Amino acid sequence: MKILVLNPNTSATMTAEVAAAARAAARPGTEITCLHPRFGAEAIDSAAESYLSAVGVMDIVATLLDAGTFAFDAVVLAGFGEHGRDALAEMVTVPVLDIAECAGHVACLLGRRFSVVTTLERSIAPIEDRLRLAGLDARCASVRACGLATADVDADPGGAVAAIVAEAARAVTDDGADVICLGCAGMAGVTAAISAKVGVPAVDGVAAAVALAQAVVDLGLQTSKAGVYAPGPANPRSHWPLSRALGLGS
Amino acid sequence: MKILVLNPNTSATMTAEVAAAARAAARPGTEITCLHPRFGAEAIDSAAESYLSAVGVMDIVATLLDAGTFAFDAVVLAGFGEHGRDALAEMVTVPVLDIAECAGHVACLLGRRFSVVTTLERSIAPIEDRLRLAGLDARCASVRACGLATADVDADPGGAVAAIVAEAARAVTDDGADVICLGCAGMAGVTAAISAKVGVPAVDGVAAAVALAQAVVDLGLQTSKAGVYAPGPANPRSHWPLSRALGLGS
Amino acid sequence: MKILVLNPNTSATMTAEVAAAARAAARPGTEITCLHPRFGAEAIDSAAESYLSAVGVMDIVATLLDAGTFAFDAVVLAGFGEHGRDALAEMVTVPVLDIAECAGHVACLLGRRFSVVTTLERSIAPIEDRLRLAGLDARCASVRACGLATADVDADPGGAVAAIVAEAARAVTDDGADVICLGCAGMAGVTAAISAKVGVPAVDGVAAAVALAQAVVDLGLQTSKAGVYAPGPANPRSHWPLSRALGLGS
Amino acid sequence: MKILVLNPNTSATMTAEVAAAARAAARPGTEITCLHPRFGAEAIDSAAESYLSAVGVMDIVATLLDAGTFAFDAVVLAGFGEHGRDALAEMVTVPVLDIAECAGHVACLLGRRFSVVTTLERSIAPIEDRLRLAGLDARCASVRACGLATADVDADPGGAVAAIVAEAARAVTDDGADVICLGCAGMAGVTAAISAKVGVPAVDGVAAAVALAQAVVDLGLQTSKAGVYAPGPANPRSHWPLSRALGLGS
Amino acid sequence: MKILVLNPNTSATMTAEVAAAARAAARPGTEITCLHPRFGAEAIDSAAESYLSAVGVMDIVATLLDAGTFAFDAVVLAGFGEHGRDALAEMVTVPVLDIAECAGHVACLLGRRFSVVTTLERSIAPIEDRLRLAGLDARCASVRACGLATADVDADPGGAVAAIVAEAARAVTDDGADVICLGCAGMAGVTAAISAKVGVPAVDGVAAAVALAQAVVDLGLQTSKAGVYAPGPANPRSHWPLSRALGLGS
Amino acid sequence: MKILVLNPNTSATMTAEVAAAARAAARPGTEITCLHPRFGAEAIDSAAESYLSAVGVMDIVATLLDAGTFAFDAVVLAGFGEHGRDALAEMVTVPVLDIAECAGHVACLLGRRFSVVTTLERSIAPIEDRLRLAGLDARCASVRACGLATADVDADPGGAVAAIVAEAARAVTDDGADVICLGCAGMAGVTAAISAKVGVPAVDGVAAAVALAQAVVDLGLQTSKAGVYAPGPANPRSHWPLSRALGLGS
């Protein structure tokens, strides 16, 4: 089975981390290809960057489709709370899995109410919106932020883990969560630390999405084309795919 | 990996069908054990039978635990809309998966809104309640009944498939569903018929639960014991396990 | 008027307390019969015990019906947050009243938002679920636990009253409740203590259910048999009623 | 026990019908006093008339309180969907019961989902609003109108009953209701006709409110004064009570 | 453009303040007429006073209509959380704007979640109800009270501003609001103080309603008469308009 | 006052129509500048095109800001159901108004429940999502499609008007709407036709947004920067603004 994992930001470091997390979750025989957009933002901390990243991952898939080299059994969108899942689902017939949604679905299988712990306070709102539209808000106890930007996390991984674990503990004690979803991609070891120190299951979105992708592919199921994910009409577009118009090669 | 699949009614025929569906969904190396209660109802079409079945599956697990022969990586409760998942989750530490919830979660990965097609009109309400408490009602377009009791389905499988397909088509046209969940266990071939004739993905709960069980076990995750699924206090019980008190051997 | 009050646990002490509370709320001419299951748990602090208790009260009613000695005008199910009401409503035509629901309905007549104060933290979730399915969550400010198990309450009634009063006061101050529902059965004097010390109406579920049973019987109304409470199909059951199969006499 | 029943419109005929319905529901020893405002509208078919009626019933109670002749154990506000209950609850300490809310609460004790059948289409919205604020919308399947104004009902009672029964049947068939609430006051015989012809319990609001008033008074409970029903500050008012300013004697 | 602004209490001082706020928000060419009821309460701090005020503003409009001197392009109801908007909308064809609703709609244009800061604790519930029926609760983070009655505000304007600013700051910090709506009418300078000290946009309801009235009139839109705001049937009313019956001249 | 109106698709014809609608709604002294993206889709009928259009309008604003030529008092995003409003609100301090949200807010001022009539069936879901996140779903009776693509509308304007009017009539009759929002931009004369033939107010989103922009600017209010619309961290971006990287001049 071949899974295309799309890191929506342009950071090669982050892409490597996401790829590692995806491979760690994949079972033998599952092949992970992890790509990032050819243009856009190195980190995604705003709605503007989120939209840019959605177009960036659309551009990756469009380029692959145009080249006739899209040969994957599932697509994982590895941005926690970012846009783009619905557009990708229009473009391909294989299942498209969003890591925020997958973390929520897996959490629902393990406990009664889950909390998400993300990076910056400003990321709470888009994650709440995403969970709400995905119908996952009913079992979400809270979305909390540890207050660290992506750059801070990179600069001090140990401190970041401690901050996230502390916030996870608050979610359990104050908000009644019994499962924690890690609300950012590419942080090795955090889920283990949460489980060890807070005593609740901790779900990593990339791992959850890879596992669910495998499950859905095993079931022989694909994206529904009977509703909103049907391909749209062939409206004329200029400069598309953008990477080709920008002269950015494969 | 070993998965215990619990058919909540006492029909050996139905248990064999559920086992077959579970095995068809399992990947190589996953071992399915399918059991039914030692007492209770042959079919479950009422709240009374649903509670009886919950105690019946609790009895199976209690007997295995008492005998020291509970050696499974996950438990699947194969009653669509029946009670008991939360009690089983209290009793064991491995993941416990309900087929109605799993069908809903998988459907959410494939489309925007799903409908459930079940047997009798009177089963609609408990399924609605189950989905609502599971937080899956937001994306549920409708729960519909094809009007056939379990016995009717057994007597005329071909007619049953046609009735279910017709109801699935109404769910898509009238209710805006783009995915169908099959709201009963043990009917071979129905999902294929729905996909072929209605043109939408169709999810079988037993298959979905087995696939999700494999996914969750792969992720190394277990039932949260930090909340409502913690084991309860050791209150004295009489005649428990009931099967032993009834003299029903292993 | 004859009301059958069912204490879902098997504690004779608790049954006597529930009977006393029911009789204190009944008007002259109402006859209270209070029974407990012939098997099951002495106290109900888990989902497993709750399902067992549902089957236990079903067994009482089935035995009475089989013997032709069911001659009651209404049934009260005296477990706060326990399962079983819907199964009983299928089995009989007279009204079946659940004490958690009745406490909530009466509270709605007296104030704007009510809180429930129950025993253990782990009982909060099932009570929330029960209120939600009953449509009573919109006016429920909170469900709170005083932290005492049933056994603790028995061992130190005075301390239990103080703990419940303290939690009720927090519900009023912190959650905006203006009515308190006592979330457990059989505690004499607590509602008076809450009213005296917190200054809000306090509703006891058993008393509320008896009063509402009288009201509904006075109105000449019965359980609707046009929907989900219609009797189910006559599916074959083994070992039913369980008490007879267990050799437990009347 | 003495219950004050307030018919919010000024029709003496309607007041007599409401009084008769209340007395029919009261048990021996309960004394019903039924009054209507000294000014206002003969029928209430608009928000303007509903506000006018709220002030009219406030005026009755204020006059009684001023004269020291308010000696009732409970107050019933007999307008289905009209305003005023909260104002009355501020003014007195005894329970105040609204017939729309009481019909809904009783319906919840009898079935899973209730529908209201009212007179004119334009009355649907205020009834929906009232049920929503009362937290009763979750179990309300629909509010339907039979299309007859109050005057039409008076002119052709037989035709009105037939129209209401037909609409009740649609609520059961099309909306899934299993209990019907009669959404207007003072129509003798309609609930019996609904039960007979549609086969579901039918709840009359006046009867339900009288029965619940008796239940709450039996329980020794009163309106909570810890929240929104506490008496307001003594702001100066001109021309109050209006009936005195208008020279309308007792 | 001519806008009729209705202050629902009978305080001439407050009417002057509301008129000033309305005129400050009006653009050149918009003429503001500000009136208060001829009877009723000087301040509105209860449901009873709120209903009285609704009838008071209805009386103003009825008197103008009867006299043939209603010549306004829009009506603003300047009571924050008071009743009456729907009745006025039935009576006239021009747009009728409620200041609580308008403050909420404008707040939605500026941020993600707004809080209301009102006077007394007892005003929170009616404002919550009003916002809920207006569909504005989904984006309302909280309704908070500064604890001062209208009279207190008049006696110590500076202290009142400080109290309101402090409560607004708590709404931002504790409840996640990013816009504040001032939940009372006629307080000059408070919105400026909130913006300056709390750093969020602050919306005054009177100003918002005048601005939205101008917008709607500019668009050539009027109150819909196709639904609940259609004029009701001509039911007979006694003593109406009340002010004429009371001998209160124009 | 200067308002920047952004047509999110790249059609010059549509841009001219939107500009005309905006100018028709603007009052004297308001200057409308209407622009469309330098790249993207000529029509927006899919999630992919919607994201592309969001980046397109972001690109316009970024280019203006970079050039120091952004001198507007408000921004209107003229895509009904398209993405991008939140990103623009991060980028500027002046108010940013979305036409779908503005149509909904204005509709709430005129009636009880509004319906949206849009073009293709596939546009219903994104509009529902947009209204839901905007908190406007509570008063939305339905979103309906007339079945015509944008190209169809252009080819046969008269037929399109008839189709939209017919769908609006269904929304009023079947869904209980009393106000209609036109769910697409740039169709002259449709609102007048709806009002004339269906008898309800009809709201055009572009006109509503211009009117509300004027109202908010008149009130001196700006986008809140205390929450999610604060500018994000300065994460490195490549090829931004895209139009510059693409060599597309001003």
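Couple of notes before you dig in:
Going by the order they are written in, the chains are A, B, C, D, E and F; count residues from 1 in each one.
Operating definition for what follows: contacts are C-beta pairs under 8 Å (C-beta built on N, C-alpha and C of every residue); 3 or more make two chains touch, one makes a residue touch a chain.
Just so we're on the same page, UniProt names per chain: A, B, C, D, E, F = Hydantoin racemase.
Please read all numbers here as calculations on a predicted model, not as lab measurements.
Counting steps between touching chains, the shortest path from chain A (Hydantoin racemase) to chain D (Hydantoin racemase) takes 3. A rotation of 180° superposes the C-alpha trace of chain B (Hydantoin racemase) on that of chain E (Hydantoin racemase), rounded to the nearest 5.
Rounded to whole angstrom units, the spacing between the C-alpha centres of chain C (Hydantoin racemase) and chain E (Hydantoin racemase) is 45.
Chain C (Hydantoin racemase) and chain D (Hydantoin racemase) have CA centres that are 29 Å apart.
Of all residues in chain A (Hydantoin racemase), those touching 2 or more other chains are 112, 125, 227-228, listed in ascending order. Chain contact summary for the complex, chain E (Hydantoin racemase) toward chain D (Hydantoin racemase): residues 10, 39-52, 54-55, 58, 83-84, 86-87, 89-91, 120, 122, 125-126, 129, 132-133, 149, 151, 227-228, 230-233, 235-240, 242, 245-246.
The touching residues of chain A (Hydantoin racemase), when paired with chain B (Hydantoin racemase) in their complex, are 25, 27, 95, 97, 101-102, 105-106, 108-113, 134-139, 172, 176-179, 198-201, 203, 207-208, 211-212, 214-216, 218-219, 221-229.
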